[in-house]
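Have a look at these structures, which come just after this line.
Two complexes follow with chain A in common, the first pairing it with chain B and the second with chain C.
Showing the complex of A and B:
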């Protein structure tokens, strides 16, 4: 029974740790499938985390906070899109600028608003659900039925996106924008418009990931609280070969590895803690190295589109 | 008329000029943001209090990476600051490297023990003693017999606290099980919370945490799980009144007040000042709501321990 409890705690923690990364990775997948790299999602996550807390505190509803975060994320995405899609700026450079913009905006906004009082504000954040009253069932209950609403929404969202990419006209247009924009253009599709919307969507998902961190997993904002999760999300995209469902699996793998190292640490006090802390990153690097073999990157990824007329 | 105004302006400027000449210029260099609610907030509050108390001009620099430290120190020294306070043991090495070039500037390092003539002093708090007090309270309060400490990164002061925590707990309850784990980051509050949750799953019902923002993660995880926490450094009981039993105080404002006060009255020496309970460098915050939840007998043992720290019987040599 002890092993069962250990396993259930491990998986539940793994899922919580994976969710912000998974949401950001889903967004990054859409953007990259359309041909635009967004390395600034870490900054967007921070803005999402801050806006979610701010609006949750002022409105009393975490759903309002989530909605506001998603809007702010889409707006951040639009900034990236203006530079990379409209003005054809170098995507990595614009993404890095976005990263610093996000760090600055969220930190400064926090100081202007919630940090004023000096004491921590109470955030009426999300609570875990109890679907069908089954969350109390031993072991599987908390994992399958007792998670945060956002986790179910992330899985549903990824499934819908995977379907959209593989089986719809819009999906085809997105893939064409990333793989062979000239063809999409020749067929009368608006490459830049598709890309613009996909980058905005990536911002919305990243901000939702930030909102999960600050209003579900924790209730509160601190500067730089994403601690590199946006970059892990980018590596999940590559590992999952640009498939949104795969990105969730990759994020979950990372989350469980992290949850496992956390539990191993206390069990083996003799081993230097650094070995445990780096474990999830080693998993990420090794799996990236394995996955990059035979990977199929969107052919026009990272390049601005200019019609050849 | 214009002449008169210009004349007044010049006189005013001269008066202001002489006033500034006497005002000491102090730079506080922080490794993190002033909004972290612990280590950096405490220093900022300390310098704010000093600004109100003494005639000083203060500049606070936040988020200073290790790699930037030397350049930052150098630029303040070149601008003629009278004292530069580096908040954290990581400032010790860069300070030692450059202090000789700027003999007119005092370099003060917090939470480290370094000193060099003519102008390097340090103020450290007895983190190990603070940990011992936290451990004693945790050892008396725990019902499961398991308690936990979640540190950010095992830097010297956090390791001292960790050792003290275990020793303090065992002094009250020799069979207590003390779990310990590290976050690997000062700012990753989500991971801090998850590590705390894992220790709670392993049976810990009183937890404590050291570092910066990660401490908030521990307190929230304890709050959600309905177990108790002991705060560190900064009395933040208002954040979770039903969760936080007490706080092992590290009074960073006292370090800063001493440094500034001694600079102004000229008694600052190139020494390392170590601040314990009697110097008000550490302490235990009021128990407030928990006063009634701790038995009179346990409370007497806590008070006896505090007395032993005051008269020097503790810490164990």
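Showing the complex of A and C:
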């Protein structure tokens, strides 16, 4: 029974810790399927986390905070899209610039606003739901019925997205934009418009991930609080072979590794805590080595599209 | 072609929007952008301490920028130089009790830094070269690991004898880089940085290896037909740029700090990316670019300390500078009358 309770708590916490990564990974999957790498989502997550807290505090509603974060993320995505899709600049370099911009804007905004008060601001963040009143059921309750609303939305969103990619006209256009843009262009599809929207979507999802981090998982903003989650999200996309549902599973792996290391810190006080903190990163490095071989990425990923006339 | 000049026009608009973003951010802080710009210039160029601080900072930024330039030439994106710098510093510091207390010992420390950085970069090199894993993710993950290991070392096995502050014991004076100019902190690392510029410039522009880097960077697929293995190039250049990062770490330790502690060289590896990009990956321009960014830092740092603008403005500026630089190269490429034909992988 104790083991079951431990595992249940571990899984429930793992799901919570995985959600910011999963949301960002869903967005990155869309963008990469359309052929654009966005290595700046770490920066977008930070902006989303900051904006969510700022608007939640001033409006009193975490949903307003989430909406504002999503808008700011889409705007950040639009910057990347202008440079990579319209101007056809190097995607990685633009993404790195976006990363700097996101670190800067979130830290700068934070010091101008929330950090001014001196004392920690109260954030009326998201609370866990109690679906059907079943959250209290032992073992499965906290996992299935006692999570944040955003978590259910993320799973539904990923499922819809997987369906959209595999079975709809829009999905086909997105995949064509990433795999063989010339064909999409020849068939009359607007490659650049599809890519532009997908990059904006990646920004919106990343910012939603940041908002979850700062208004659901934690209630507050700290500079650089994402601590590499944006990059973990990118690695989830690769591990999942560009499948949105797979990306959620990969993110869950990181979330559980994180939940486990937090519990082990308490369980083994003799071992320096730093060795536990590095666990998710080491998992990422090892799986990067194991999972990258033979991965089939979108063929035109990272390359700008120019119609041959 | 109208399409071409259209892109050039959009590049100008995009750059203008980015500049407007920076100006807007400064206005939001209630500061006057013009007086901020003047303040930066005055402090950095016309005060002795500001200028010396900038020169001092440009030493590690030059060495790091060279490493970035080498790797980016092959389109290998090493964004983990901060971790490699830490690895180099740790190895240099760990050697300190074992080496003779003279110039030879100092040389051993610097070599240790190079080896440590190369090893840390080499891990990413193996992941990229042997397994085809993405180097951006590998290097950034290794950053976080290095930071945590450093945090443990300065509280555990490498902590000072007094065991009060999380830092190591100081280096013996004989193992410190000599000061070059009386009454300044400018140390012999300046000469090391300049020597590195020459060495990397020769490697990048005159050697077979440098040529291979350029070929892989231009077209990895074509490189394979020329008998160049892009994976080997990627693995080796990650090791090489890691070696430079490790050297930068050892120079900072032996030149400025004299001991191991957390938070030295903060974010230098990231700034070095901006340094190398603005230098157009040209090793000879890297020191110029590094000094430029250092002057910016010195000037902004003072303004931030005086509460004129919050410090993260520096990150906003770094991002903005890269974006404007990107827009500039797009503008030039599309404005050129006899530019190359547009290619799908432009």
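In the analysis below, the second predicted complex is superposed on the first by the 302 of 309 C-alpha atoms of A that agree within 3 Å, B and C clash if a C-alpha of one lies under 4 Å from a C-alpha of the other, contacts with A are read in each partner's own complex, and residues count from 1 in each chain.
Convention: contacts are C-beta pairs under 8 Å (C-beta built on N, C-alpha and C of every residue); 3 or more make two chains touch, one makes a residue touch a chain.
Please read all numbers here as calculations on a predicted model, not as lab measurements.
Enquirer: Put the two structures on top of each other at chain A: do chain B and chain C fit, or clash?
Expert: Here chain B and chain C cannot both sit on chain A without a clash.
Enquirer: Scan A:13 for contacts with chain B and chain C and give back first, second, both or neither.
Expert: A:13 sits against chain B, while chain C stays out of touch.
Enquirer: Contacts for A:258 in the overlay, against chain B (first) and chain C (second): which applies, first, second, both or neither?
Expert: In the superposition, A:258 contacts chain B only.
Enquirer: Looking at the overlay, what does A:227 touch: chain B (first), chain C (second), both, or neither?
Expert: A:227 contacts both chain B and chain C.
Enquirer: In the superposed arrangement, which partner chain does A:284 touch: chain B (first), chain C (second), both, or neither?
Expert: A:284: touches chain C, not chain B.
Enquirer: Could you say whether A:158 touches chain B, chain C, both of them, or neither, answering first, second, both or neither?
Expert: Neither partner.
Enquirer: Is A:44 touching the first partner chain B, the second partner chain C, both, or neither of them?
Expert: Neither chain B nor chain C is touched by A:44.
Enquirer: Check the contacts made with chain A and report whether chain B or chain C touches more of its residues.
Expert: Of chain B and chain C, the partner in contact with more residues of chain A is C.
Enquirer: Tell me which partner A:218 touches in the superposition: chain B (first), chain C (second), both or neither.
Expert: first
Enquirer: Looking at the overlay, does A:97 come into contact with chain B only (first), chain C only (second), both, or neither?
Expert: second
Enquirer: For A:269, select first, second, both or neither according to whether it touches chain B, chain C, the two together, or no partner.
Expert: first
Enquirer: What stretch of chain B clashes with chain C when the complexes are fitted on chain A: 60-68, 222-230, 258-266 or 276-284?
Expert: 60-68
Enquirer: Intersection of chain A residues contacting chain B with those contacting chain C?
Expert: Touching chain B in the first complex and chain C in the second, residues 107, 111, 223, 227, 274, 277 of chain A appear in both lists.
Enquirer: Can you tell me which positions in chain B touch chain A when the two form their complex?
Expert: It is residues 33, 35-37, 148, 154, 179-182, 184-185, 187-191, 193-195, 197-199, 201-202, 213, 216-217, 220, 236, 238-239 of chain B that touch chain A.
Enquirer: Under the definition above, what is the set of chain C residues touching chain A in their complex?
Expert: Going through chain C, the ones touching chain A are 7, 10-11, 14, 18, 25, 28-29, 75, 77, 79, 123, 126-127, 130-134, 136-138, 140-145, 148-149, 151-152, 155-156, 270, 273-274, 277, 309-320, 322-323, 326-327, 329-330, 342-346.
Enquirer: Which residues, counting only chain A, touch chain C once they are in their complex?
Expert: 39, 43, 79, 82-83, 86-90, 92-94, 96-108, 111-112, 182, 223, 227-228, 231, 234-235, 238, 272, 274-275, 277-278, 281-282, 284-285, 288-293, 295, 300, 303-306, 308
Enquirer: Which residues of chain A touch chain B in their complex?
Expert: Those residues of chain A that touch chain B are 5-6, 9, 13, 16-17, 20, 107, 110-111, 115, 119-120, 213, 217-220, 222-225, 227, 258-259, 262-263, 265-266, 269, 273-274, 277.
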